[in-house]
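Before we start, here is the structure in question, set down as structure tokens.
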Amino acid sequence: MQPQPGSRDAPGDKIKSLAELASMIPDGSSVALGGSFLHRGPFALVRELIRQGRRDLELIKQSPGYDIDILCRAGALRRTRAGIVAMEGNFGLARWYRKAVEEKEIELEEHACASLTAGLRAAAFGVPFQPCGGLHGSALPELNGWKWGEDPYGSGEKVCLIPPITPDFTVIHANAVSELGDVRVLGTFHWDRIMSRAARRVLVIAEKLLPIEEFRKQPELTLVPHFMVEAVSVVPGGAWPGSCWPLYEIDYPAVRAYVDERDRDLSRHLEAAVEREARADA
Amino acid sequence: MQPQPGSRDAPGDKIKSLAELASMIPDGSSVALGGSFLHRGPFALVRELIRQGRRDLELIKQSPGYDIDILCRAGALRRTRAGIVAMEGNFGLARWYRKAVEEKEIELEEHACASLTAGLRAAAFGVPFQPCGGLHGSALPELNGWKWGEDPYGSGEKVCLIPPITPDFTVIHANAVSELGDVRVLGTFHWDRIMSRAARRVLVIAEKLLPIEEFRKQPELTLVPHFMVEAVSVVPGGAWPGSCWPLYEIDYPAVRAYVDERDRDLSRHLEAAVEREARADA
Amino acid sequence: MPETWSGFSYIVTNLARFIRPNEVTFSGVNSSMPMLACMLAKKSYDFYFTYINVAGGVDPKPTSVPLSSSDPVLAAGSTAIFANEDFYDLCTRGRMDLCFLGAAQIDGAGQTNVSAIGDWHNPKVRLPGGGGGAVMLPTARRSCTWRTEHSPRVLVDRLDFVTASGGMHGVVTPIAVFIKREGRLTLQSWHPEKSLDEVIARTGFAIDGTDASPTPGPTDEERAALQALDPDGEFERDADVSLG
Amino acid sequence: MPETWSGFSYIVTNLARFIRPNEVTFSGVNSSMPMLACMLAKKSYDFYFTYINVAGGVDPKPTSVPLSSSDPVLAAGSTAIFANEDFYDLCTRGRMDLCFLGAAQIDGAGQTNVSAIGDWHNPKVRLPGGGGGAVMLPTARRSCTWRTEHSPRVLVDRLDFVTASGGMHGVVTPIAVFIKREGRLTLQSWHPEKSLDEVIARTGFAIDGTDASPTPGPTDEERAALQALDPDGEFERDADVSLG
């Protein structure tokens, strides 16, 4: 009754180690990361990219925090398209990100969260631009060279047109996956849904593997169907030091320790990460 | 622990009889109807509108069938924006709809399903037009006076711009509602989601009332949150003679009987409808 | 001579043959024959493909074969619900490999009319309307359509109305399979119990039969699968297909 | 003289007072004080309003008060998940009644800068960035912001960068409440332990205090609610607000 990967019932095996998953993302890729601030981000994958010495990445996310900060700290980033950047959870600004922008180590395309979503929608809908509400009076459109369109139906309204944003990869941290690659997320899915539709390729880190029968019982809970997902890795606790609802909360001492370290060296933090063991096993 | 309607914990009572729900929709309203063909349509409400003698309605739906046919048969419709119209389920064309268009009893704005969705998106997103993929070479854009837009970012691509479609009402047939008006749908939600976001007002018919605690256990299953819903009516079997997954299938003999009656008279069909008793109770 | 390969079986089987390994294939409303084709392919072809449908199903395990091709039973056993907005977006962004789309009239360029017979504003017959085609035909990687009648009033030189235009890949009738090549529908094969001349005579647009040949008959697996899907012949009776 | 109404309590309480019956009110990321304001209003005001937040919650029943204002516990007990795309669309289509939006600098027209201190291209301080404001400020029916510092470098005559412009309705600092009238932020009231002159002196844009008066002190219900939400004073310490 269970589909066998690689058979007529299912595509080939999608389950990879974390290291294998990270190795699919080459230097220079643009990567959209799911979650928001310290919540349900694919942080194990981000750390693995750093361990593997990845360079020149572009991060795309409406509200990055820990992920963008650690990538800046490791020198892995070349560019970002982001809405609002902070550590949040009373940790204030993302210090290494701030430094990277102020010292021009990375290029920033500053978005409103909704304009970034509009760009992802343009990609997901297969259209050359997406009108985005608001933005009137903001200096962001001019900064980014966004064009304004007239309403051809005569309302006199002007609307800002956002060009498509097509990440090379979207990486999501999920509560569960099926062996086929179906993705289940509990609580808010933030922008993960539209990110998964906009990207060329989708990779997933999950807390656990759930039997396919569980997905069949409640297919309504599947955020991304298996055929859109290229590979998955099961890394329990992989959103550490952030939260993954309802399984665990932010590890505040760990974030504090990350923030308080004053130099670029990440070895202590990477050493403390929950995916070490999974990595050793792989 | 349960919020009391009309208290600080919850807005006023939203539970209405079917007759009360129908009476909220005045003559001349534009109404988007959920579901698709013979599946999970708010058919009890449609019949109640006919019983109440409603006139000059506009029906908005990507794939109407029984609903548009019976409204045409009763002379309740003035106009429709629709994608594909048929009885489906081996019953072929919708005969009374066909007659109404051929004899110019109603005005048709013919859409592709996706262009109708694009119009609903424009309304839901608060933008004056929504680019819609495809439509190249189709005679529909010219027929409807839809404008084409150039890509201001220089791809040379032209894209069809659909004006907003803002129904006065969206009416959904749901598997369950909470007392507050939260809406749960099982299986596919067709276009119900975007219809609920595009409309000025949302009304819901549901198979049953579920305790609020059930919604709290799986909030991910809620398609429309309560604050977007103005009123609900509980009508078990209300999607008859269509299906409501997983509760009941199409009542093929009933649809056959509806199709086979040759005159406009609907009394036998309305008499056979499941909501009669609920109506008598109300 | 009794027909050994019914028009109904010919259409379903040849639609199924358009399905390729690992591709995403979609069947929609008013589409019993493509639905059966997808189910036939799942049963009889030794490769994986993703079957999505208008009921939101993704590789479903339907517990029965519904008369309505949009019946929610087509999502039974699915691991996800991929609802209408989602599969349309998949198509417009160029990720839909194969769409089965209905048509009332088809011209030699593979354009379709599903809107009206006669003038749109004064129709002799009002047809179902735009539906999936106008957006999916130009944006799906490949689209295929079918008709249960092969005649010059269906395969026309000039459509009464161009509802959809673009990426038509294949057309199946009870007696022929067409493939679009260099912008024109080209005869690929004909029903082995018919002749090339008959196909040409019954087609309203000009066709080149040079590279065409009789269609290979159904394999044992294809026959068995269709038999299992329609054991009582109900779909075959409803479809009412004649070789003409 | 010890302060009897702390700047922290002043801000939270006066943000809560912007909330109106039956309206849809939103609190976002980096927004502990608006989060507390919404929770305070739910506890102490005798009317219903819809509280939605960036964690997807709709009238949630959080089991605790999180340090992170986007913490998923803010969706605990919610009857629905209203995720980011959804609440932004709600706002752009004009159905969001009240948005709480952060700001680093605010000018006299109620425009905000959350992008950079100094030149955007050569920032002295790179700030969090566009976030909700650029789209929500012009499209929400009303927006309110707050600052924990009341000084001419925060309430400025001229922004270093205009991140967001439009529908600002109210601004709360530790010592004042502003309302936008006829396109300008107007002083509505000042902290009863401060003076009108001090507010004017510490504000970088010109203000008219003609119709202003001291802010009514917290009610017993407001005090009790905030005390219950922050029993150990952790939020108050983190916020580190001084009346200056």
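Points worth noting:
By letter and in written order, the chains are A, B, C and D; residue numbering begins at 1 in each of them.
Everything below uses one rule, namely that a residue touches a chain if its C-beta (ideal position, glycine included) is under 8 Å from a C-beta of that chain, and two chains touch if they have at least 3 such contacts.
These numbers come from a predicted model, not from an experiment.
Taking B-C and A-C together, the chain pair joined by more C-beta contacts is B-C.
One inter-chain figure worth recording: subunit B and subunit C are separated by 28 Å, centre to centre, where each centre is the mean of the chain's CA atoms. As a whole-number value, the distance joining the C-alpha centres of subunit C and subunit D reads 58 Å. Averaging C-alpha coordinates per chain places the centre of subunit B 39 Å away from that of subunit D. Listed for subunit D are residues 56, 75, 81, 91-93, 139, each touching two or more other chains.
Multi-chain contact residues of subunit A, defined as those touching 2 or more other chains: 125-127, 132-133, 187, 219-220. Taken as a graph of touching chains, this assembly fits none of the simple shapes: it is neither a line, a ring, a star nor a complete graph.
Shown are all chain pairs that touch, namely A-B, A-C, A-D, B-C, B-D.
Put simply, subunit A touches subunit D in their complex at residues 36-40, 62-63, 82-86, 88-90, 93, 97-98, 101-102, 108, 110-115, 117, 132-140, 143, 187-191, 193-194, 243, 245-246, 249-250, 252.
Of all the residues in subunit D, the ones that touch subunit B in their complex are 22, 24, 42, 45-48, 50, 52, 56, 58-59, 61, 75, 77-82, 86, 89-94, 139. Listing the residues of subunit C that touch subunit B in their complex gives 29-30, 32, 54-57, 66-73, 75, 81, 83-85, 88, 91-93, 111, 114-115, 120, 123-139, 161-166, 238.
Only residues 3, 7-11, 123-127, 178, 180, 182, 197, 212, 215-216, 219-220, 222, 224-227 of subunit B touch subunit D when the two sit together in their complex. By the touch criterion stated above, subunit B contacts subunit A in their complex at residues 122, 125-133, 147, 149, 151-153, 155, 157, 159, 161, 163, 185-187, 218-221.
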